[in-house]
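The two complexes that follow have subunit A in common; it is paired with subunit B in the first and with subunit C in the second.
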Partner chain A sequence: MGDAASHRHRPVPGILTFIAADTANFILFFGYFMVERLHQPALFARSAAQLHIQLGLLNTVILITSGWLVALAVEAARAAEMAQVRRRLLGAIGLGLCFAIVKAIEYGVKIADGLTPQTDAFFTFYYVFTGVHLLHYAIGMALLVATAVMARTGRTDTGFTGWIESCALFWHMVDLLWVFLFAMLYLQGAR
Partner chain B sequence: MKALRGPTAIWALLMLATVAGFGTARAGGWGFAVVILAATFKAHLIVRHYMELRFAPPAWRLVFDGLVGLSGAIILGLHVLA
Partner chain C sequence: MASNARSASIDLLPNVDAWPQAQIAPPNPFRYVRFCLWMGPALLILLILFFAILGHNLPPYSAALSADGIAQHFRQHTTSARIGMIGMMVSGVLYLVWGMGITKVMEAAERDNDVLSRLQTWGAGFTTLVLVFPPAFWLTAAFRPEADAAILMTLYDTGWIMFDMVFSLTMLQVTAFAICFLHDERAVPLVPKPVSWFAIWVAVAFMGFCFLPFFRDGPFSRSGFFNYWVEFSLFFWAMLILSIFTLRALTRLQKEHAAHG
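Here is the complex of A and B:
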C-alpha cells in the first residue's frame, strides 16, 4: 500500500466481479434471516444467547489478523521480497487454521448440547450460513497455501503479483462476510 | 499520513471497532445499532484499504460501498422493525 497518487485507478482484477456477486448473494441471506426473525424475535434472541460469543470474537480477531498478514504479504510481493511473502503467508495460513479449529470446537459443543440444524429456525440459519462461510474459508485457505507453495518454489516470475493480489481479495472477502455474520448471528439481542 | 493508512494502522482500527461493537453485544435497539455501525465501519475499512478499492475506478468503489452500506442497512432496518 503505497502513496495513493501513484496507484490511482489501477486495473481491476477480474475476481472483483465474482466477489461483488458473492457479497450480493450474502446480502440476500442477511435479508432472509432478518425477515424470518421479524416473526419470532424472542426465539431468535434466546437461541443467539446460546452461541459462544467469546469463540465468535476469537474468530473475528483471527480473521482480522490473518487479513492483515495477507495485506502485508501483498506489499512484500510488490517489493519482490519473497522471503517476507513466504513468512507472512505462513503466518496467515497458521492463523487461518486456528479459525477452523475454533469453529470445529464451537460446532462440537453445540451438537453435544443438542443444538443442531433441526433445533429451531435460528440454528438452521446458523449452521447453513456459517457452513457456507466455512466453504468460502476453505477455498481461501487453499488459495493461500497454493500461493505460499508458489512463493517457496520460486515460481514467481510471471504474473505472481497479480495472482497474490487476487487471492488476497478472496481472503479479505471471507473476512468481510464474517464481520456481518458475527454481528447478525452472535451479537443481536431482542429489542 | 502513509503510516495512518498502512495495513498495520488499518488492523489497529479494525481491532478498536471490534471492541467498540462488542461493548453492546446482545443488546437490542440502540445497543445493536452500535454493533452494526461498528461492523459496517470495519467492512468499509476492509473494502477500501485491504481490498484496495480506494484505487479502483469510481463505479467499482460505488458498487462496494453500496454492498457494505446495504448489508448494514438491511440488518439494522429489519432489527428495528422486529
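Here is the complex of A and C:
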C-alpha cells in the first residue's frame, strides 16, 4: 500500500517533455506524408514496393528486443542488481548495433540502385524520416553506453534509477517511432 | 610644523566612517541583468520587423525559383530590403546582451564551476554573428540590384545557407542552458525541468537543417513547411520561452537576495 502510494507520487521524468515534443514533431511528419500520399498514391505505392520489407522487419524485431532488454535492465536497477543491469544493457547495445548495420546495408543497396532523396517524393520522405530516426537512435545508443559505463561503477543510488528510467523511456520512443515508420514506409508497398 | 601641516591636510579629507550608511549602496549582483534579459523579447520584435517583414523573409523565396525570380525581389523591394537588413545588422548585437543576462542567472544555479554558463555565453556570442553576417550578403544584393541575376541569387543563397547551417552555435547555447538547469538541485528548480528538456529538444530538432542543402523545393527546403515553419521558427520560440523563464528565475533570485542579503 505504502509502496503503491509512493509509486503514485513519484515525479514524472522530465524527459517526457522532450518525448512529447518530439512525438508531436513526428506526428506532423506522418500527417504531411499521408497528405502527400493521398495526392500521388500510385507513385508512393510503386516506390514503397522497392523497399526491402524483410530488412525493415528485421530491424523492427531488433529494436523491440533491444527495448525489452532495456526494460529488464530497469527492473534489475530497481532491485539494485548491477551485474544484471550491465549484462542486459550490453545485450541491448549489441542488438542496437545490428540495427545500424542493417540500416547501412539498406542505404547502400538503395543508393547503388540509384534511389536517392532526389528520386521522388516518397524517397525524399524515406531518407529524411529514417535519417531523423537514425539521429535519435544514435543519441539513444550513446545514452545506453553511458548508462552501461555508469553501471560498471556499481552505483545503486536513486539518481541512477531515475537516469536509467529516463534513458529507457527515450529508447522506447526510438522503438515506437520505428514501428510507425516501418508500417508507414515499408508495409504500404507489401502485396 | 611639517607634522601640523600633514594633520591639517588629512583633516580636509572627509571622514568616510562618518558617512551615513544609506549613502553606500550595497552591492547588487543582479544590476543590469533584467535589462539584458528583456533584450531577448525586444530583439524578437525587431527581427520580426526587420528580418521577416521588411526583408520579405516570411517565408524566404523558394530555392527552386530562377535567378531572375530572386533578382526581381531585390529590384522590386530594394529600399525595404536595405532598411530591413540594416536594422537586422544593427539590432543583432542584442542577442549577446540577452545571452549575458542568461549567463548571470545560470551562475546562480552552477555549483561546481562555470563551464556551462561560459559555453552558453560563447554560444550566444557566436549566434550573434549569425544574426549579423548573413544580412550583409542580402544587403549587398539590395545595394546593387542592377547586378547580374545569377550573382544576386548566389548572394541570397549564401546568406540563407550561412543563416541556417550554423545552427550548431545555437545548439551549443541552448544545450549548455539545459544541462545547467537540469543539474539545479534546489527543491524547486530555478528553471522548471520541462523548459530545459524543451531546450534540448530544440537543439536536437535543429539537426533537421542538415537536409537543407539537399532540397530546393518541398517540405525540407529552406522555405518548406518543416525547414522553415517548424525548425527555423523554433529559434524564435526558444528565445521567447527561455526569456520568460529566465526572467521569472531572476525575480526569484532578487527576492532571495533581498531576504538574505
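As a convention for this text, the second predicted complex is superposed on the first by the 174 of 191 C-alpha atoms of A that agree within 3 Å, B and C clash if a C-alpha of one lies under 4 Å from a C-alpha of the other, contacts with A are read in each partner's own complex, and residues count from 1 in each chain.
Operating definition for what follows: a residue touches a chain if its C-beta (ideal position, glycine included) is under 8 Å from a C-beta of that chain, and two chains touch if they have at least 3 such contacts.
Since the model is a prediction, treat every value here as computed from it, not as a measurement.
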item	value
When subunit B and subunit C are modelled together on subunit A, clash or fit	fit
First, second, both or neither for A:34, with subunit B first and subunit C second	first
Partner chain(s) touched by A:25 [first = subunit B, second = subunit C, both, neither]	second
Touched partner set for A:118, first subunit B, second subunit C, both or neither	second
Which of subunit B and subunit C A:14 touches, first, second, both or neither	second
First (subunit B), second (subunit C), both or neither touched by A:46	neither
Winner by number of subunit A residues touched, once subunit B and subunit C are compared	B
Which of subunit B and subunit C A:135 touches, first, second, both or neither	second
Subunit C versus subunit B - closest C-alpha approach in the superposed model, Å	14
Set intersection of subunit A contacts, subunit C complex versus subunit B complex	16
Footprint of subunit A on subunit C - complex, ascending	182, 193-194, 196-198, 200-201, 204-205, 207-208, 210-211, 214-215, 218-220, 225-226, 230
Residues on subunit A engaged by subunit B in the complex (per definition of touch)	1-4, 7-10, 12, 16, 19-20, 23-24, 26-27, 30-31, 34-35, 37-38, 41, 45, 48-49, 53, 57, 60-61, 64-65, 67-68, 70-72, 75, 168-169, 172-173, 175-176, 179-180, 182-184, 186-191
Of subunit A, residues touching subunit C in the complex	14-18, 21-22, 25, 28-29, 32, 117-118, 121, 124, 128, 131-132, 135-136, 139
Subunit B to subunit A touching residues, read off their complex	2, 5-8, 10-11, 14-15, 18, 21-22, 24-29, 31-32, 35-36, 38-39, 42-43, 46-47, 49-52, 54-57, 60, 63-64, 67-68, 70-72, 74-75, 78-82
